[in-house]
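Each of the two complexes below includes subunit A, the first together with subunit B, the second together with subunit C.
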Partner chain A sequence: MSFANALRCRECNREYPLDPIYVCEFCFGPLEVVYDYAAMRKAVSRESIERGPASVWRYADLLPCDADAAVDIQAGFTPLIKAERLGEELGLRHLYLKNDCVNPTWSFKDRVVAVAATKAREFGFKTLACASTGNLANSVAAHAARAGMEAIVFIPSDLEQGKITGSSVYDATLIAVDGSYDDVNRLCSELTGQYPWAFVNVNVRPYYAEGSKTLGYEVAEQLGWRAPDHCIVPLASGSLYVKIWKGLQELVKLGLIDSVHTKMSGVQAAGCSPIISAWDSGTRNIRPVQPRTIAKSLAIGNPADGFYALEVMAESGGSGLAVSDEEVVEGIRLLARTEGIFAETAGGVVCSGLKRLAAAGRVDRDEVVVAFITGAGLKTQEAVMDTLTPPLQIEPTIASFEKAFGERSVVEARPAAGSAS
Partner chain B sequence: MAYQRVKFTFPQELITLPVIYELGKQFSITTNVRRADVTEDRGWVVLELQGELEEIERGLEWVAAKGVRVDPVQGDIVEG
Partner chain C sequence: MPVTVRIPTPLRKLTNDQDSVTANDGGTLAQLIDSLEEQHPGLKERICDETGELRRFVNVYVNGEDVRFLSGLETLIEADAEVSIVPAVAGGC
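== the complex of A and B ==
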């Protein structure tokens, strides 16, 4: 059962019932779900969680919706991998990767949409909607299909074909908006008030955002019920980063882990880094920017949770930095080369950001570090395509093979001694 | 009559201008500030606008043309 008992304004603390609302009527501050932690603590234990399904729904008691009516496409409980080779390259002895590429629609968005879709159906909505440049759209379309709901997905008209297919295959209605990023944003804001749809990241945003807490829960459980020393998290709106922190804090409140000493470090692409710019300037005032980066999944110019992310960064003793688009590509390739994980651009941001933080001594070599890889690379192949070694073109003869292969690597071309003929 | 909740973000050079006052004076729009944070070099204001939808749209175009960034109160809606 859910122990959520109200929505509360993060700015003025006014409370509201658990309705599909997202801003405080008084000060227009954002609303957040609050829980009865005393009751939750009596109901939840490590053992009860471990007996649950291998998905986000093992933490159903810590979420704001009823698991019995879950819209479930098996999101979450993704692998936490000890990254020996990448760790060696970066000089980190205890580096782990939280691999959210393996979610059902290949990104962490399945966690938040699982909760949003479940709550939307609970509220009686028949339509799930979103505005997205890729990952969110795919997840909304898939969850709507599973729930038997209509999906309406707004996309920029110049979106790559791969991302369009990843939503339209679920029979979602795709609406390609001809206009600038700001035009799409404003249109969808106006539509939210006029149509009886659950816009997952707008009118059910307080519930949607709670899904990201499961990343914090999972990492702690997978480390043997302890918080990591350091988290490296990509920053877009800042919500994921803030909710991982909230998830870890809740585990302490519930007596499931002893303490949280985790430093939370955040990384952005330099072409869209309003949170890092504010951090570097020592201010909590976010100055909105026009995104110009290949890391489109992080390209939020006016981050809704930027202020709260800066609070967490300071409170946890973490830090932040921004990496160039060239570093994003290098990061994708470094991760693929060392750990066999093909991440999208946000993973490249994390990997290169971690490399820089480690080189600067801002991540200690003996810390237990978790880097969050939030989406798979097949959706953003164009980011790395031009940098990859092309295939060897040969005739179907041994001579042609040996000529081409030998030219690429003389040493590797020799057959192993004693090998079968 | 329509209502719209928006966030204005002012660059440094516009901080001292009475943009919200002018918006209410030049267009048939009632402005109602709910939250704000303004310093000497930057500032944002969250406010509600009341008026005919077309008038609000014209007013917001005028504000944006001045160089003030106009966003929905919840920040960016388009996500990755």
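== the complex of A and C ==
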């Protein structure tokens, strides 16, 4: 059962019932789910969670919806991988990768949409909608299909082909908006008041965002019920980053882990880094930007949770950093080459960001570090395609093979660790 | 020419459930907000904080452009402009 009992404004603390609403009527502050933690604490234990399904629903008691009626495509409980080779390359002894590429629609968005779709159906909505940079649209389309709901997803018109196909295959209605993600988001915010749809990241956002807490829960459980020393998280709106932190804090509140001493570091692409710019200038006032980066999944120029992300960065003692588009590509290739994980552009941002933080000594070599790889690379092939070695073209003969293979060995020695950067 | 101002759901209790209202053009956004306040008392304090600045979680768009990319509260509101008041906390991941 759910222990959620109200919504509360993060700014002025006014309380509201558990309705499909997302901002405080008085100050426009974001509404957040309030739980009865005392009752929750009695209901959950490490053992009860460990007995649960291998998905986000093992944490159903910590989420704001009824798991018995879940819209379930088996989101979450993804592998936490010890990254020996990447760790060695970056000089980190205890580096782990949270591989959220392997979710049902190949990104962490399945976590948030699992909760949002379940809650939307609970509210009686027949249509799921969203403003998306691609990954969210994929997940909304898939969950709607599973639930027998209609999906209407709004995306910027310049998205990667993989992210378009990855939505339309589920028979969703795709609306490609001539504008940036921020334009799409503004439009959806206005449409929310006009149409009786559940926009997962607008009117059901308080519930939706809670799904990201499961990344914090899982990492702690997979480390043997302890919080990591350092998390490296990609920043778009900042919500994921804030909710991982919240997830870890809740585990302490529930007596499931002893303490949280985790430094939360956030990374953006330099072509869209409003949160990092504010961090570097020591202000909490985020100046929106017009995004120009290949990391389209992070291209939010007006980040809704940027303010709270800056608070977590300061409170946790983490760092913020932005990387160039060249580094995004290098990061994707570094991760692929060392760990066999093909991530989308956000993973390249994380990997290169981690490399820079480690080189600068802002991540210590003895820390238990978790890097969050939030989406799969087949969705953004355009980002790396032109930098990769093309196949050797040969005739079906041994002679042709040996000629081409031999020439390759002479011309291009096998890439050694570090040579791609 | 009057200006159309689109009102978000959280403020519609102050506008008799109307999703858009009209106001006079020709002044700045700050003056527009003052004239809205005369027609719909209480609206201004929802949009602006104690110092008179736009609240952190309120976005205002003039013809689709975020006023923070224009001149903020000093942005001129011309005839036929469409002004949207939109909660900032939406979207993203």
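Following the convention adopted for this analysis, the second predicted complex is superposed on the first by the 402 of 421 C-alpha atoms of A that agree within 3 Å, B and C clash if a C-alpha of one lies under 4 Å from a C-alpha of the other, contacts with A are read in each partner's own complex, and residues count from 1 in each chain.
Keep this in mind: a residue touches a chain if its C-beta (ideal position, glycine included) is under 8 Å from a C-beta of that chain, and two chains touch if they have at least 3 such contacts.
Since this is a predicted model, take the numbers as computed values, not measurements.
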Discussion item. Given the alignment on subunit A, is it a clash or a fit between subunit B and subunit C?
Written reply: clash
Worksheet item: Who does A:262 touch here: subunit B (first), subunit C (second), both, or neither?
Response: neither
Discussion item. Under the stated touch criterion, which partner chain does A:212 make contact with: subunit B (first), subunit C (second), both, or neither?
Written reply: second
Discussion item. With both complexes superposed on chain A, which partner does A:139 reach: first (subunit B), second (subunit C), both or neither?
Written reply: neither
Item to complete: Please indicate which partner A:293 is in contact with in the superposed arrangement: first for subunit B, second for subunit C, both, or neither.
Response: neither
Item to complete: Could you tell me if A:240 is touching subunit B, subunit C, both of them or neither one (first, second, both, neither)?
Response: second
Worksheet item: Touching A:303 in the superposition: subunit B (first), subunit C (second), both, neither?
Response: both
Worksheet item: First (subunit B), second (subunit C), both or neither: which does A:194 touch?
Response: second
Item to complete: Based on the superposed arrangement, let me know which partner A:29 touches: subunit B (first), subunit C (second), both, or neither?
Response: both
Worksheet, complete the sentence: Interface residues of subunit A shared by subunit B and subunit C, listed 11, 22-23, 26-30, 109, 131, 135-136, 181, 184-186, 188-190, 192, 199, 201-202, 205, 236-237, 287-288, 300, 302-305
Item to complete: Within their complex, state which residues of subunit B touch subunit A.
Response: 4-5, 7, 9, 34-35, 37, 39, 42, 44, 46, 48, 69-80
Item to complete: Going by the contact rule at the top, pick out the subunit A residues touching subunit B in the complex.
Response: 11, 22-23, 26-30, 109, 130-136, 154, 156, 181, 184-186, 188-190, 192, 199, 201-202, 205, 236-237, 285, 287-288, 296-306, 346
Worksheet item: Which subunit A residues qualify as touching subunit C in the complex?
Response: 11, 21-30, 108-109, 112, 131, 135-136, 181-186, 188-190, 192-194, 199, 201-202, 205, 212, 236-240, 287-288, 290, 300, 302-305, 307
Worksheet item: Can you name the residues of subunit C that touch subunit A in the complex?
Response: 6, 8-13, 19, 46, 55-59, 61, 64, 66, 68-69, 84, 86-93
